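Heads up, the next two complexes both have chain A, just with different partners, chain B and then chain C.
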Partner chain A sequence: MHINKASAVVKKKSFLSALLILILSILSLFVLKDIALALILLFVAVALIAVNFLIISRRLFDVLGTRFMLIVVLFVLALFFLLIIVLLNGSGILLEHQSIGDLLFSSAWKPFSNHFGLFAVIIDTLIVTAISMVIAVPISLLTAVYITEYAPTRLRNMIRPFIDVLAGVPSVVFGLCALLVFIPVVRDYIAPFFGVVTSSGFCLFTASLILSIMVFPIIISLCVESFSSIPLALKEASLSVGATKWETVKKVIFRASGPGVLSAIFLGFGRAFGETIAVSMVIGNQELIPRTLFGSGQTLASLIANNYTEVASIPLLASALIFVALILFVVVLIFNICGFLVLRRASKRWKY
Partner chain B sequence: MLASLAIVIGSLILIVSVIVLNGASSLSLEMLTQTSEGSFYLGSGGGFLNAIVGSLLLALPATAFAFIISVCIAMYLQKEFIPSRFSSFIRICLDIMWGIPSIVYGVFALTIMIALGLHGGSVLFGIFALTLLEIPIITRSVDESIKVVPHGLKESAYSLGSTRFETSLHVVRRQAMPGIVAGILLGFGRGIGDAASILLTVGDSNYFPTSVLDQTAALPTIILNLAGMPEKTVQNKAYAVAFVLLLIVLSISILTRYFTKKSSKYIIK
Partner chain C sequence: MSKSAIQIETRGLNVSFHNSPVLKDINIEIPAKQLTAIIGPSGCGKTTLLKSFNRLLEIQEDVKISGEIIVDGKDIMTSGLNVPDIRKKMGLISQKPYPLPMSIFENVAYGLRIHHGKNPKKVEEGVHHCLQEVGLWNEVKDRLHDPASRLSVGQQQRLCLARAIAVKPEVILCDEPTSALDPIAAQQIERLLLKLKKDFTVILVTHTLRQAKRVADYVIFLYFGMVVEHGLADQVFNDPKSPEMKAYLSGEIS
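== the complex of A and B ==
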């Protein structure tokens, strides 16, 4: 009885929403004059009404719902594999023109004479990512330890929202700040300090700085999560045998949460590696290996962002950019698999 | 340790204050209520209302699609529906999707767009790229909250005779509500702020888009355009736009905290 009532309510609701969508569809046809949108809405409305009449039994409802979820899952998996196929297919055109060794190990990027060498860009990407991780990892780890172990509860509750906000700031905003603050600082103080007077500020080092700030919240929040999941008894055992707090942190907490910390670092690396906009705003955008850290460069991701406008005029360039995207994808894939394997091994070794 | 904490907090305060100080001073009401009539980039009047509308037109439908898809996936990943081998395979795929840089989604959408013979950009493919970007984010959040639904609760629903789908729809959905809300808002915040994927797919325009195949301006892309202009007065407008974007993102972050707290009231532990 109760179930019949509930399904009647559901029917009424979905019928009303179908009517609403139908009205929207008519509106979009006559007011916006957009036939495609009207058709899509009409389709949705008809589907809703059809489903409404179809629901005769709860069993059928269950089967239909489950099928629908399965279809959605398969759809997303199909999209994922379509992504791989499109990337492979698109870079195939370039690979017919130029060998893969030549692409990866020559550093002349000359789209106008149809020669694409990515060596310099790859090296720049590695340098920028490595420096940003060197800056970000120790700072984030120490912050995470402070938040979980040392900070009083009130301070901890105050810091957490800050980290969340930092995680949500759009990358273009980071880039804008770097443009205004970091570039003059690097140009006028940091580069001369290291003996480079000719730096414009648009350099690998600035890019690494801004990337490390962008990576902070990822590593911190994941580390805080895994630090706070360590059983209290483990810490207390360490403290009770006379270890100081720092010794406990070093020997117990870091070790017990090793897998979590590792996967946090992997994720941070992935973010730094693929970040596009903030980097392309400050790195100077030149496809060469600079002699110092304070020279201009280009990363794989920013290469795509800076060259896509000329895709229409140079046919092979599109293929080259797809190839760059493929490299990004493959690196992310390898990192995920490595992270997965390392995690499995590590969680076996660092069992507690 | 305190020094590293100070660096992290300091960098956040630095970024927010730079944007707020520069943005608030160059922002005017005119900018928020007018479209950019071409002269906006040249230093004279005009505003960026079309970019605000464009950004919402991209991020809202993308979040809606991603929400439907993600909730379906996350519900289906429960062990009632699917053997754990497949579900761990799907989870790995989603982790990889989570890690893919957004520019790769941009390239993917751009390639399909060129293959279909469209040039310049369109709202539709911007939505497509953003949806792909948001699916793993929302799914992860929903999945995490479904995982901690107590098993006894589901079992009691089954013992009363409800089907798997009904249990998911009524019992698990309510338990997972904080995760769903947080996921939607996280995804929306990420979608509205992401420049790389829409840079390649939506093009640029000075007016409101009138159809799904039109080009449109969006907040992150016009920040990028404005910041690249040589004149100082035009560059300052970038801070005004960034200020608006930051306001949107910050208010989403506050909304997330509020709604997760509110929706976790009904949870049975």
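== the complex of A and C ==
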């Protein structure tokens, strides 16, 4: 009761001062003709009233807040289903025109004659993603192990922010660097080394290379996180039976952080699979399966990026691109579900 | 000290973390094949002393260690020694059991494979023997390949003990091994330690004075990083010399 009374007094006082400032604001507008001052005073007055209202109706805000958060959550969930509906709906037009089997297993992508075959693009996507992960995963894991287990503290604290920044660099920057650096290197040195002299450098290999580089910081950062959350006592347990550091890393740390490492890899896969602009800058953009890794290709994501400008002129293309988007969406969805299941199993099995 | 052999001896051992001293000039002798209890209030350096015996301190950051720790007549602090070999001689049981993230069988086989070869039959025999030694065999023989994390905490602690004795250490270092356990599981561990001291030197850090009184042959009392009193358990408990030890025994400090 006493507190209520006190707060009522406070409310009255601050309300009065807000009113006063409001009057001052109006005066300064009409008498001083100073709009800036008037606006500032108005702002202060409104802020005072708002704060006042906040203090008094804490409970109201608490209730509103809870409800509001629920609404936001529902909205996000709805968005998910909305996306599916839009994608399904959009690809419907194409599916009336062409069967799913034909879409997925024909290699001929001929938008001008209204025939859309995605087989080559799907295969290219799988190849590029797989190669980039094969390059990225072992190197990232070893880097993360070095950072957490071997590097001196000062070095570790210096490296980590760099890696985190790298993870946030816009992909177009990576794409541009690949264009300027990797393309000539692949064309002049790497492809000839593997016996391909006709490569332009715009090829699956370059795309895989830049994807693996983009995936590094994500996997490293998450793995470092999960390695460093392993309790010291677990390492001590392994070391005190006379295991070497490397044995401890290999048999204990990798296992104990298995779920974390797995989710890092899943996340990296998602990034590599869906990366668009950097890939489209270096892959050569040909809807075919090249005979070597040094030939041009196209991924699902870069296909959309390279064709969306034509949507207005080719009637079925829009629907075809939406279908491609649907494939991307479904694959990512399936991969996430699998990841979740594997993770749950792994964290049960590898608990410490 | 009496005629019994000395397992570990420290000479002028000093340890500091981040430039603040934790152990100051520790000079002690720990008898072989007996149970030595390290007692003292919280934060007085008991665990630090224990972990200095198998050179586990150095994996932490910013630790400075000086002095000699003599095991089997050799100073283990000499540089250039093979540290895993030193650690192999001293099994460690930690406060909360930390089974390795693998099956019950693999937990015990882990050290065996590292040090005694990978012959599957021998490994199996070794695991069987160690699990029997800690009284766990009958409880787990049907689920040896289950994750160790499914065991109860008490069982996990015994598994850790089995893992430690599997590599045939000379010393078993125990860091308050019963503090996370229920009374029955704690009693099992205590009995095991008493049984194991026939074959191993047991060093037990304990926070409970009553436990030390129950099991210790030899006692080291640490107070603010210094050894205030050490000697045979009878002597220390029944006829304490220092005022700190008297205060600790009477419960004035804990």
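Brief remarks on what is shown
Operating definition for what follows: the second predicted complex is superposed on the first by the 291 of 352 C-alpha atoms of A that agree within 3 Å, B and C clash if a C-alpha of one lies under 4 Å from a C-alpha of the other, contacts with A are read in each partner's own complex, and residues count from 1 in each chain.
In the analysis below, contacts are C-beta pairs under 8 Å (C-beta built on N, C-alpha and C of every residue); 3 or more make two chains touch, one makes a residue touch a chain.
Note that the structure is predicted; figures quoted are calculated from it, not measured.
When both complexes are superposed on chain A, chain B and chain C end up sitting side by side without clashing. When the two complexes are overlaid on their common chain A, residue A:I49 makes contact with neither chain B nor chain C.
When the two complexes are overlaid on their common chain A, residue A:L232 makes contact with chain C while staying clear of chain B.
After overlaying the two complexes on the shared chain, residue contacts for A:F329 are found with chain B alone; chain C is out of touch.
Of the two partner chains, chain B is the only one that A:L142 touches; chain C does not reach it. When the two complexes are overlaid on their common chain A, residue A:G270 makes contact with chain B while staying clear of chain C.
Once the two complexes are laid over each other on the shared chain, residue contacts for A:T244 go to chain C alone; chain B is not touched. In the superposition on chain A, A:L79 makes contact with chain B only, while chain C stays out of contact range.
Contacts of A:I93 after superposition: neither chain B nor chain C is touched. For chain A, the partner that touches more of its residues is B, with chain B and chain C as the two candidates.
Minimum Cα separation between chain B and chain C in the superposed model: 19 Å. Contacts from chain A toward chain B in the complex involve residues 32, 34, 36-37, 58-59, 61-62, 65-66, 68-70, 72-73, 75-77, 79-80, 83, 86-87, 90, 138-140, 142-143, 145-147, 150, 159, 161-166, 168-177, 179-181, 213, 216, 220, 267, 270, 273-277, 281, 301, 304-305, 308, 311-312, 318, 321-322, 325, 328-329, 332-333, 335-336, 340.
Only residues 51, 54, 56, 59-62, 84-85, 87-92, 94-96, 98-102, 110-111, 114-115, 147, 149, 160, 163-164, 166-167, 173 of chain C touch chain A when the two sit together in their complex. Considering their complex, residues 1-2, 4-5, 7-9, 11-12, 14-16, 18-19, 22, 68-69, 72-73, 75-76, 81, 90, 92-93, 95-97, 99-108, 110-112, 114, 119, 132, 135, 163-166, 168-169, 186, 189-190, 192-196, 199-200, 210-213, 220, 223-224, 227, 238-239, 242, 245-246, 249-250, 252-253, 256-257 of chain B touch chain A. Residues 153, 231-244, 247, 251-252, 255-256, 258, 348-352 of chain A are the ones that touch chain C when the two sit in their complex.
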